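Look at the two complexes coming up: chain A is in both, with chain B in one and chain C in the other.
So, the complex of A and B:
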């Protein structure tokens, strides 16, 4: 009997760009990776899959931190300024400071 | 502002991940989702850049999962690095299992094309000649 494991979606979907169990499209991730630098020539099949998970964790963490700011303001709508505040308050998100300050 | 939507992660997917982690009553402004889209895309570029530098220094052409794990650690994103190392391990295990079950399927593919031929008395009923992989799936 076939049991659906955590990666059954991977087995069916592969990396053809379908999301499968991944929350983010692998083809798009691959495109972004390629654009990140001229040095990036070849990307292994597992790299976009790894990033799909890493991005999920990243978005979750930044969202949770932003939501804390929202709650401090006694609001129920998470807005852009909350995300900016969370970035500025978190050392490991220093690489985003210029990005959030531009807009 | 966004001229090339293809250069960013899709806003619907980003929004879904945000929604999942927040309380059900929480609302998210469109601008917040757009900012998160930008940040997550930049995250990929940033980590990839670091991973790619490492590959370049080591004269390797292909950025792989291990390089990404390393880059996450090198950039101070240690908690992500640990989680992703575990995830990568499970993924590779799943791939190995898939490959080995595929091998077993090709080994078991029955040579019985002619129902009358009884040279191979493996005891398998004739209807199982059609789809050995389907048999595995049942």
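So, the complex of A and C:
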């Protein structure tokens, strides 16, 4: 399972062991996939399943990183600026920079 | 070319269900932590954007290997290319798990009238076998087994 790294001590029993039913609706994911470009190819029935899990992991990572910022500010409410900070501090989230800056 | 810039293509149409997303978010946090509503909304938007990003790249990968349908392998490759290689193992495990569960369902419904337990044990053994196979495949770097051509700008 994924190692949570530096902040693993804070969250106990978070993500491990929960690979069961996929939570996100596959039809919705497929819809978003089709809208992502003009010439999107046909999508196999299994691709949304892979996406579902990847999205889960993505949200978990973004949430964790945002929460880290919240804690550094000694707050208990995760707010939008925390998400923005997390995005700006993480290379692989570069594709989100415009999205978090436009609000 | 950014598909998002095309006028008339509203990206608000398809989003992810808020309740499900909230659940995933809350599960990551201690129980007494609150999440501001605009933060939740932003997280959801980020996730949609993530799907867009991976979809585009998966589409590219699919093109490069000259297939017509985006398959899980293309998505896994896209994740790797875009820096989300960390996710691959868990994503692949979930995918394999799903295949097993699907197989179990069709087995239970069919000929295995008395073999429910046997089916499960066999399924677990099968799962182990598939994982081993998967690892061998992944370690062999066989996501795109045939190098199709001499395109110089394949990937960085």
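In this section, the second predicted complex is superposed on the first by the 82 of 103 C-alpha atoms of A that agree within 3 Å, B and C clash if a C-alpha of one lies under 4 Å from a C-alpha of the other, contacts with A are read in each partner's own complex, and residues count from 1 in each chain.
One rule holds for everything that comes next: a contact is a pair of C-beta atoms (placed from the backbone, for glycine too) under 8 Å apart; a residue touches a chain by one contact, two chains touch by 3 or more.
Every value quoted in this text rests on a predicted model; they were computed, and no experiment measured them.
Visitor: In the superposed model built on chain A, check whether chain B and chain C fit or clash.
Guide: On the superposed model, which is not a single observed complex, chain B and chain C clash.
Visitor: Return first, second, both or neither, reflecting whether A:29 touches chain B, chain C, both chains, or no partner chain.
Guide: In the superposition, A:29 touches chain B and chain C alike.
Visitor: Looking at the overlay, does A:67 come into contact with chain B only (first), chain C only (second), both, or neither?
Guide: Touch status of A:67: both partners.
Visitor: Which residues form the common part of the chain A surface touched by chain B and by chain C?
Guide: 1-2, 10-11, 19, 23-25, 28-29, 31-33, 35-37, 39-44, 46-47, 49-51, 53-60, 62-64, 66-67, 70, 76-80, 82-84, 87, 91-93, 95-96, 99-100, 103
Visitor: For chain A, which residues count as touching chain C in their complex?
Guide: 1-2, 10-11, 14-15, 18-19, 22-25, 28-29, 31-33, 35-44, 46-47, 49-60, 62-64, 66-67, 70, 76-80, 82-84, 87, 91-93, 95-96, 99-100, 103
Visitor: Would you pull the chain C residues touching chain A in the complex into a rising list?
Guide: Chain C residues touching chain A: 3, 6, 9, 11, 13-17, 20-21, 23-25, 27-30, 32-36, 38-39, 42-43, 45-56, 58-59, 62-63, 67-72, 74-76, 79, 82-84, 86-87, 89-95, 97-98.
Visitor: Mind listing the chain B positions that touch chain A in their complex?
Guide: 1, 6-10, 13-14, 16-18, 20-22, 25-29, 31-32, 34-36, 38-49, 52-53, 55-56, 61-65, 67-69, 72, 75-77, 80, 83-84, 87-88, 90-92, 94-95, 98, 136-138
Visitor: Quick one: in the complex, what on chain A touches chain B?
Guide: On the chain A side, the touching residues are 1-2, 5-7, 10-11, 19, 23-25, 28-29, 31-33, 35-37, 39-44, 46-47, 49-51, 53-60, 62-64, 66-67, 70, 76-80, 82-84, 87, 91-93, 95-96, 99-100, 103.
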